[in-house]
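You will see chain A twice below: alongside chain B first, and alongside chain C after that.
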Partner chain A sequence: MSLAYRIDRAFVANIQRYSVLVMLVAVVIVFASISPPFFTTSNLSNILLQSTAIALAAVGMTFVIVTGEIDISIGSLMSLAMTLAWMFAVIPGAEAGQQAGVSAWVYPVGLAAGLALGLINGWMIVVLRINSFIATLATMFAFRGVAWKMVGSSDKAFDDSPVLFLGRTELFGIGLPIYLVAIVAVAAYVVLNRTPFGRYLYAIGGSPRSAIESGLPVDRLKVLAFGVCGLCAAAAGLITIGRVGTLQAGLGNGFEFTVIAAVVLGGTSLLGGRGSIIGAILGAILLVVIDNGLNLINASVYIYDVVKGVILITAVLIDVALLRRLGAGSRAA
Partner chain B sequence: MLPVILIALTILSITIDGFMSAGNAQNIMRQLSVILIAVTGETLVLLIGGIDLSIGAIIGLSSVCGALIMQFTGSPLLGLLACIAVGAGVGSLNGLLIARFGLQPFIVTFGTMLTARALGFLLTGGRSIGMLPKPLLEAGRMNVAGIPLVFILGLAVAVVVGYVLSRTAFGRRIYLIGSNPRAAEFSGIKVNRVKFQVYLISGTLAGVAAYVFMMRLGTASPTAGDQLLLQIIGAVVLGGTALTGGEGGIARSVTGAVLIAIIIKSLEIMGAQFWDQMIVIGVLTALGSALGAWLSRRRTRETKREDVAERIGHSPVEKDDSATRLRN
Partner chain C sequence: MIYKQLTLSLAAALMLALPSVPAHAQDKPGTGLTVCLSLDKVNAFREGQLNLWRQAAEELGIKLVEQVAGEDAQRQSSQVDTCIAQGVSGIISIPWDNQAVLQDIERAHAASIPFVTVDQAPADMSTVDAHIGGNPTADGLAAGKRLVALVGDKPTKVVNLQGALNAVNGQERDAGFREAIKGHDNIKIVADVPTEWRPEPALAGMENALQAHPDIGAVYAATDGLLPPIFSALEKAKRLAKVGDPNHVIVLSIDGDPQGCKAMTEGWADAGYATPIAEMTRNSLQVIIDLAKDKKKIEDKDKVQLLAGVEYTKDNLAETGGKVWGCAK
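Take a look at the complex of A and B:
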């Protein structure tokens, strides 16, 4: 192996690992040079705050995708979990008016509901043996339908209630959700990379057969991964309703695809076995930067998705090309 | 699946007044027309073990382009050509990225879904387009022997594709690629070429579906296919075509689509809200695929080794069976 080859290989490996960061920096430089208001402290912190819900859900989604499964129900799951939390925590008597008093119970109940709904997804996949795309497609419909049935078409507004605490509190000038995402990201990184649980998840996605034959409790691990995904989606929901200040049945419509796009941009393979928490978070930030920057340069709203679609496919193309060069061709596609 | 439909029809015709009336039947047929065409394309894609999420967006973009051409030229024929061209264009882009560059179908078709949908919005500014040529609308309302013309068109497409799939070498290649891509490669099939063709066909059929959509409703809109995508995938899966590829067929998808259409219609008649429909479709999709998975497990459960294989989502023994069956 010549030195030049080894340097080249190391170079390619690094670009492959950090491609989302390269893209993010490039997009930031482009927007910063076209639009002066883009690169200001207030706008950048706004971007970070906006990306928290996507980033949090993307962290949870990474647990599922690493095992080679997928969860497309999280938008509906989030809506239903928040609805259940609202029903439980609403203070009787306050229901009649538009502005409902809601106790701090929304937090534990919302998270518990998210965990439970995620476990239901996992249970369908390992016990009923339904393909995860189909199972979560089914719950995507069913969860959303139940949420609509409970909430109806009217918005539930919160005012002065503890629900707003998470979304609207600042600590040292930085929004609370940003701290939350940072803590969850570190925890998730440690769990996924430094504990047996995380390594087992990678093992299941990398080679399902060897995972089973080496005696891993594959089913239980998968159910747990879906539980983590549901929990994170519910936390993302809590951030969202806290920031927006209303609950509606349409909450999180299309959210699942944004989150999956963030995870994939971050370099996680949908085939399983390869994934990165930091990548997922950077992917979420990248998607929000694109929205924000295009908004600042007054681009047509309709162009946003064109840009996102093109960037997503380009990122995957580059990823596959780089992996081929690294000689991992068979795992790349 | 056919007995299920017959049982459902019997129960519904007894319990719901006027369910078996000619008017209601025509209504269901009209609703089915677009889905029948789109479902055939998705079935081919699932059979080779892929997925096409862009079908709904292609229907939207094609209908918009076709409508604009028709407004401009007044010619329904040019409109049809435009629909087909757009569908084939997006479909071949999907095929190129998946077959030539080896990207994952989920991501590719998700990307083209976003892009095609947004392009439709860009072209129309988010509005729907009316004022389509008269002959088109008249054809859309026409009945032949009491059966809506659009339904006949949809059924004709399904029959032709079904014939190609079950009676030609191309169809057998699709099954073989889905059940065992390696065996397909070793037996000299140009796997990537067939994959490309399948995505091309799926996109083209979505273009045709967009044209029928315009015939039926007299409008075009970038969101035309948004509601259809999940119903299409739901119909294919409920019909019993496996997401893992190699198992299923057009007839099954058609029965799946019919079942969903009947259920939606009867829920409508019973005055159920749309959220009740969502819950019912969700539960049915889950039950249908759980049943399908159980049946296919029962068929293959013989030794411990196979059970291990199933748990990881592959059933090599069954797949080898189908491969030899196809060759004989």
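Take a look at the complex of A and C:
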């Protein structure tokens, strides 16, 4: 194996691993050159803050996707978890139907509900042996329906309640959600890459049959992966309602596709066995950068989704081309 | 003997009472009618409408079959088919897609079922038996004119938080507003934000607009549901101030829901445009009664009822509050 070949192979592997970063840098350069306010400290901090909910949910989604499964219920899961949290934490007002406030119980209850709903998804997949796409498609409808049934579709405002704390508090000029995502990302990276649990998840996605034959507790690990996904989606919900200041019936509508797009942009294979936390977070930031940049230049409202679609397909094509080159290299070697 | 007298008295009382029950029910103009209500989605505004529909249906003696399409035109069509199969007396629809509903109307008419659209007009108004909605263009125009009056000659940068651009209300509220500020060169829309009526994109759009233009002077929101993210973004940018404060950003929004009423009462917003949904919901049921029961012909001039919103401000809330559905206790 020649030195030139090895250098080329290492180069291609790195480009493949960091293709989302390359794309992010390219998009940043484009927007920075056409919109002066884009590349300012306050706007970059703004972008990070806006990325937090998507990034957090993308971290959780990565746990599921590396096992070769998918969870398309997270938008509805988020809505139901926040609804349950609101029901538990709401402080009734003097008159019937009024609310005096919402207590800090919204945090533990919201997270517990997210974890429980994620585990329910996992349980359906491994015990009932339902395909994860179908199972979470069903819960996508069911979770939202249950949320509406329980509290109706009127808006729930969170004026001056502890709910706003997570979404609106700043520490040294940086929003609290950014710290939270950083901590979760580091923890998730360590779990996925440095613990048996994480390595087993990759193994399950890489070759489910080998994982079973090796005696891995595949079912239990998958249920846990869905639990992590639900927990992260609920945390993303807490950030969202804290930032927006209201809980609306449509919370999380379409959120699952944004999150899956972020994960795929980050280089995670939908077939499982390959994926990274850093990639998922960069994918989330890339999607927000596109919206932010287009907003700043006041682009036509009709092109937002077109641009995102083009970037997503470009990222996938680059990824596929680089993988083919790596694969061809392996065979040639 | 006493038992016989009691039995006879009871029988007499029952005979007097029994005919009065159906007579009372038949007093209601819609007795015997079942109306299918096909909603495009659920949110706070739709919940307000639904409550008023239920109230009006009870008063009119109509039985309602409620369907929600969850922002899915295909699903809405299937639900309409179910209603047709049930043989309902009439269909009232808030279409999610103004083109897709044309097929629904055609199928309902083929089964001789009257079809009325509410709030969101179909792409071809001639196909529907009646359309009763707000007047989104007039509401947008009124909001734009109010902005022109508020700012005078002062240069003003505006953030335009649009609704869903596949919906007539979203398109026309936007168009009306633009029409009103046209020719006023001191007023400039610096950010158009497509929100799909959802607060999350509105928040991101507001934050981004404030990054590019910290000196924003006004925000126009296509729906009151976007008010919490507007205030959240203004607070973060240290621009949240009540009407009258020199740092105040003008806020105009449409719907008149509880959040709009609250923002007005507390002095955060300048003007709102309350959609007359009580009238809208009741009139739609009355049209079904006219068509399905009384076999009346709807005159062409009455086929389209566009009810302009009621402009309310903090100053006129005492007079207009009764017409703002979100202010109702």
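In this section, the second predicted complex is superposed on the first by the 320 of 333 C-alpha atoms of A that agree within 3 Å, B and C clash if a C-alpha of one lies under 4 Å from a C-alpha of the other, contacts with A are read in each partner's own complex, and residues count from 1 in each chain.
By our rule, contacts are C-beta pairs under 8 Å (C-beta built on N, C-alpha and C of every residue); 3 or more make two chains touch, one makes a residue touch a chain.
Note that the structure is a prediction, hence the values are computed from the model and not measured.
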item	value
Fit or clash - chain C, chain B, common chain A	clash
Partner chain in contact with A:Tyr304 - chain B first, chain C second, else both or neither	both
Partner chain(s) touched by A:Thr169 [first = chain B, second = chain C, both, neither]	neither
First (chain B), second (chain C), both or neither touched by A:Asn46	second
Touched partner set for A:Met124, first chain B, second chain C, both or neither	first
Contacts of A:Ser214 with chain B and chain C, given as first, second, both or neither	neither
Chain B versus chain C as contact partner of A:Ser33, first or second or both or neither	neither
Contacts of A:Asn193 with chain B and chain C, given as first, second, both or neither	neither
Partner chain(s) touched by A:Trp148 [first = chain B, second = chain C, both, neither]	both
First, second, both or neither for A:Ala138, with chain B first and chain C second	first
In the superposition, chain B vs chain C on chain A residues touched	B
Chain A positions touched by chain B in one structure and by chain C in the second	141, 144, 148, 249, 301-302, 304
Interface residues, chain C side, partner chain A - complex	41-44, 46-48, 70-71, 162, 165, 189-194, 197-201, 203-205, 207-209, 211-212, 225, 228-229, 231-232, 235-236, 257-259, 262
Residue ranges of chain A touching chain C (in the complex, touch as defined)	35, 37, 40, 42-43, 46, 49-50, 141, 144, 148, 152-155, 157, 167-168, 240, 243-246, 248-251, 253, 288, 291-292, 295-296, 298, 301-302, 304
Contact footprint of chain B on chain A as seen in their complex	70, 124, 128-131, 133-135, 137-149, 208-209, 211-213, 218-219, 249, 257, 260-261, 264, 270-271, 300-306, 308-310, 312-313, 316-317, 320, 332-333
Footprint of chain A on chain B - complex, ascending	51, 97, 101-104, 106-108, 110-115, 117-119, 121-122, 125-126, 230, 233-234, 237, 242-244, 273-283, 285-286, 289-290, 293-294, 297, 308-313
